[in-house]
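Structures follow.
Below are two complexes that have subunit A in common, paired first with subunit B and then with subunit C.
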Partner chain A sequence: MSATQVARKKGTPALTARGRSGGAAFDDAVPSGRRMRARQHRRAQLTAWAFVAPVVVYLVVFYAYPLYRNLDLSFRDYTLRSFIDGTADFVWFDNYATVLGSATFAPALINTAVFTGVSILFQFSIGLALAVFFFRNFPLAATLRALFLVPWLLPLLVSASVWAWMLNSESGIINAAIEALGGPQVNWLTSPEWAMASVLIANIWIGIPFNLVILYSGLQGIPNDVYEAASLDGANGWQTFWRVTLPLLRPVSAITILLGLVYTLKVFDIIWIMTKGGPVNASTTLSIWSYRLGFGGQSPDLSPAAAVGNLLIILAFVFGLIYIRAQRRLVNS
Partner chain B sequence: MNNTARNSRILGAIVLSSTLIASLAGCSTPATNGGGDATSFTLWDPYPDRDASSTWAQAIDACATEVGVTIERNAGNTGDTVKDLTTAASNLPDIAMVDNPKVSTLADAGLLTTTDENGFDVSDISANILSAGEIDGKVYGVPVGANTLGLYYNPTVLEAAGVDIATVTDYASLTAALENVVASGKKGITFSAVGTEEGSFQFLPWFWGAGADLTELDSSEAEAALTLWTDWVQKGYAPNSVISNTQGTSWDEFKTGDFAFAENGSWFKGDADENGFLSIQVPGIDGGVAPAPTGGEFITIPVQKDTSRYATSAKIVKCLSEGDTGATALGYVAPTQAGADAQLAADPTLEFWIGAVGDAKPRTADNLGVSYGVISEQLYTAVQAALSGSASPAEALATAQAAAVENLK
Partner chain C sequence: MTARRSWWKTLIGVALTGIMLFPLYWMINVSLTQPTDLRRDPPNLFPVNPTFDGYTTVISEQLPYLATSLLVGLGTVALTLVLSAPAAFALAKLRPVGGTAVNFLLLIAQMIPGIIMAMGFYLIFNSWGLLDSIPGLILADSTLAVPFGVLIFTAFMTGIPDELLSAAKIDGAGAWRSFRSIVLPISRNSVVTVSLFTFLWAWSDFLFASTLNRGGDLQPITIGIYKYIGNNTQDWNAIMATAVVASIPAAVLLVVAQRYVAAGVTAGAVKD
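What follows is the complex of A and B.
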């Protein structure tokens, strides 16, 4: 850690801020000017607020309020009747207790972890491999790279439906291929052993382009002289990748993985379209469970659904904090 | 580093103003009610695919003219009127069309008027269809019409396999027929056992046909019905895809011409006629006919502050449910005897389905009301568990019964 950084850490941020905006000027100002300056200062502050206001209103209306409503919903016992008379008992953590005690909780949590972990592992490693591959600018590289973006451009509904058709037990092209090679019929979407694998395959396929694009642009940010130096030192391709590319790509990798985490935690559409979270709970993640509680059955359990949703938000938040910590460590080192 | 100071100040501002706005929003829930104007009525239906030129929209317009009011139609785009109605609870339409198993849910929430309150006469309506809207002797709406499930068959496939449809009279003879069909190189039967309400809907004829009762999911009768389906899938008489099939995809499978049987709804009658498919009713376990569940929407009159509007709303409802205009426009069997007779006179091929609807039974019948939703969710989960092999039929149903009892507490 350098000396300036230590100093910066020690000084209270608020003091430094005031020092820069006008504290030094107060010292040599005459008393009469001080009031005027103060008024000016207040005016500047008001102007600043006016500039911030649209963002604040936007954040409040579209983020803070829905979040508050979701929290409120999860702490109350909302029934259909609550919508009519507007009353719902405040039940503290009852909904959370119900959700945590439910037989669906453990499978849903494990499925979410497996779905997120495996998705990211494959999306990232395949995305990185492709990024490194395309970085070596060969003829047609740009065209091929563009083709790899197709999954990203397709609406999720289309991708998921197509995967569901391809993985159909009876008439799917994948089973047709397996059977042509002499294999048995695999019940991709309808057997408890394969349902999770099926939605994973589809989700990994959809996520690769995102990883490819970000990591590719990250590769472009690595200065060429480092590679030159490495090659002068006699590093081979494998060594260059592990000792140069990967360490220098760390900040970009971190943000890619974090964004991937947050995106994958909340994936709903692909699973819902392909398996509806079934059979039974074989591919039920927290987001699928939340939807099923709230809107899936005939009688909506909105409060437990909101509780599950909040657990998901907390999960995403925790990962966000881990990222911020990791980034700070990276900057400080 | 002065970023931190600014950040914390902005954060403070956000927290402050968010609590402010939240408390403001809490106070300002709109409390308006109904259309306001005495000659302008609102009607919500879940048919966004039927535009202003459709026969259904024309039927509404005709009723508006007949009653002497204007009807503003709002075709919900989700097809899920419960969600729409609950979020609009403070500003309900004069008339709302609701899927029949959801009537009891909305009635229980206090959203709907009874026929005692709105003065609507239901004496003409067929009792079996009407019972979906009946809770503790009170009637909360009338069916615009009804559809139901039957067993379609492909005569070409049966003939090639040497199966006479007349021999299919109970579960055992149907299974024997499937065996013959599969032996002849064709496929047996397709249906939808998907993990949603559709799955329960399709399973109910077999469940009820075996003599099982929705209040007792783990009975031996229920096990017999679920074992029938499970065996079909395990022996290959039914494709494994039934576990994820919706009724639409199941019908697509049947239309390939490879299948001998398909359990599906009266709404595919036109398509079936075109393809030369015929139909029988789902048989009972030891012969006879199994009651199939009814489908179709109810016309309800939601609660209004201005109760004087009910009289006119009731007239509109009468116009839409009377005769067969509304039902025919939506492809349903009419809910009244007179309406069904008129439909039969216009199209004699409807005879089978009119008879099938006559034998059908609403899902929320037997005074199940709101409990149906909870039970149904467990029922389709049990079907999924058994067919996918993650549990035996008996285990799956025992789990379902325990969960249903737990959730209904």
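What follows is the complex of A and C.
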């Protein structure tokens, strides 16, 4: 049996937790004296760190440093002049005060919450329904499931432009369908009432495949005899779903939802392409607001943009930490 | 009886897939529609009287953008593999002190919203002279993939039996030699998975391209489409034709490497 097969056999991917099968191939040589062992240990550590060092340097230069620059930026008054001579006045919390006092702040925060919450609610429930549906083996199930992945793999810019055209007021296919059924013309992207719904539809569509795949793998992890027991006890399909499948799927569900939160908070491309956050602020989220301040207009307002970005990052980290905790629990269970 | 029932399910499955993929069909349909028919109400459901003018426009106007995206994608893949595979090997097999902390940082790094990275990079690249350049985009895009790469590789390499590496050590192979000659060949599947996703992310990136490469001569295809949308909103068949062409890597990926795709999606989410 090849090593690949050995590795594959180690149960479901979700449960091959690191640390359980600890690997120490290079420091388990025959011990001969404590000092020699200590030296060997040091050498092994040096070797190990030689492999890890590039990524650590990379993390510092390309994650920590941009984050630091962003933080620094948010405490300064960065103007066009600053680009040339590199100086900017330190203004303490002025940018944060400007941002929090802005008329855009409340709508942006509410829109971020609505966009994230509604997206996840629909992505998750549709994804779960589809996962359960595809889990019952039928001819072509695997192929169709694979086709479902396509929307997730497309460049977001492509998906967003296709939806923008489909939702076009005069020439879009969606309005054509609504009008064919006797409904009114809806100004999806250009009216404040519908702009948020439009970007939500597109975003939910993009997120369904991801939820489907993860929840499907979660279903695979539920042992078959649980279902057999339920069926012996006379449970019907509906009862089995609510009393067996859903409770056993809880750890995977928690991770799917939290990961969805972290991803959805970041969404930028879809909204920017479809509505640019408008009309007025109807679909402006924190990401969009930050981008618009920094790069959207004629004169870049980088410092307030950085302040908005840092508010967003606090939200992302809160959910991120909950995610990491939930995942630890899944791995340890 | 059961056979008939499962065919019903197949039918429902096909219908659901059809609904899900309708926007893709629509993209292709519009890309083939005559510009004069674009504003028809109701629109044509099928490309009656199709035209390939949109695609001719793509070839005459978008080739430099496509080439740039290809270059950026390949560069990002190379950088990501070089950084993530050796680090993952050490994290999985060599037990570096502080390895847990590195893992944790990688997990956190994935959660930073792109707009924040973009602003930081904008300032840094401004002083390093990397704005509007391909190396700049490669560096920025690699941040989308390196943590994912390390996580995927670590998860796989942890499963490689220690005996294999001990045997190599007895034969006199150092850590680097073992990595090159044993671990890397065994991890071929992970290399494919990481490369595919990295390429796709770099190819699809719009945020970094639109902030860090706003005025360069060599811009990626996402900017090409974006400019189209901004400039001539009438010419939707050319826009959709470009969109179809920009979707080709995703389609190829799904056809050629379907099993790696599903593996990548789940592994990225569920593994630590």
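In this section, the second predicted complex is superposed on the first by the 270 of 333 C-alpha atoms of A that agree within 3 Å, B and C clash if a C-alpha of one lies under 4 Å from a C-alpha of the other, contacts with A are read in each partner's own complex, and residues count from 1 in each chain.
The criterion applied here is as follows: a contact is a pair of C-beta atoms (placed from the backbone, for glycine too) under 8 Å apart; a residue touches a chain by one contact, two chains touch by 3 or more.
Bear in mind the structure is a predicted one, so any value in this text is a computation, not a measurement.
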item	value
Which of subunit B and subunit C A:L128 touches, first, second, both or neither	neither
Residue contacts with subunit A in the superposition, subunit B compared against subunit C	C
Contacts of A:P192 with subunit B and subunit C, given as first, second, both or neither	first
Touching partner for A:L59 - first (subunit B), second (subunit C), both, neither	both
First (subunit B), second (subunit C), both or neither touched by A:V280	first
A:L200 touches, of subunit B and subunit C: first, second, both or neither?	neither
Contacts of A:A108 with subunit B and subunit C, given as first, second, both or neither	neither
Touched partner set for A:T79, first subunit B, second subunit C, both or neither	first
Partner chain(s) touched by A:F295 [first = subunit B, second = subunit C, both, neither]	both
Contacts of A:A141 with subunit B and subunit C, given as first, second, both or neither	second
Overlap of subunit C and subunit B interfaces on subunit A (superposed complexes)	8, 13-14, 16-17, 49, 52, 56, 59, 65, 68, 83, 86, 164, 170-171, 295
Residue numbers on subunit A that touch subunit C, as the complex places them	2-4, 6-8, 10, 13-14, 16-18, 21-29, 44-45, 47-52, 54-56, 58-59, 62-63, 65-70, 73, 83, 86, 130, 133-134, 136-141, 144, 146-159, 161-166, 170-173, 176, 179-180, 205, 208-210, 213-214, 217, 252, 255-256, 259, 262, 265-266, 268-269, 273, 287, 290-291, 294-295, 302, 305-306, 309-310, 312-313, 316-317, 319-320, 324, 327-328, 330-331
Contact set on subunit B toward subunit A in their complex	1-6, 10, 13-15, 17-18, 21-22, 25, 29, 80, 82-83, 86-87, 89, 101-102, 105-106, 108-111, 194-197, 239-241, 243-244, 253, 370, 372-374, 376-377, 381, 384-385, 387-391, 403
Residue ranges of subunit C touching subunit A (in the complex, touch as defined)	6-7, 9-10, 12-14, 16-17, 20-21, 23-24, 26-27, 30, 38-43, 82-84, 86-87, 89-97, 99, 102-124, 126-127, 139, 142-143, 146, 150, 154-156, 158-162, 164-166, 169, 174-175, 178-179, 186, 189, 200, 203-204, 206-207, 210-211, 214, 222, 225-226, 229, 236, 239-240, 243, 246-247, 250-251, 253-254, 258, 261-263, 265-267, 269-272
Subunit A - residues contacting subunit B, complex	8, 11, 13-14, 16-17, 20, 49, 52, 56-57, 59-61, 64-65, 68, 79-81, 83-86, 103, 164, 168-171, 185, 187, 189-192, 275-280, 282, 295-300
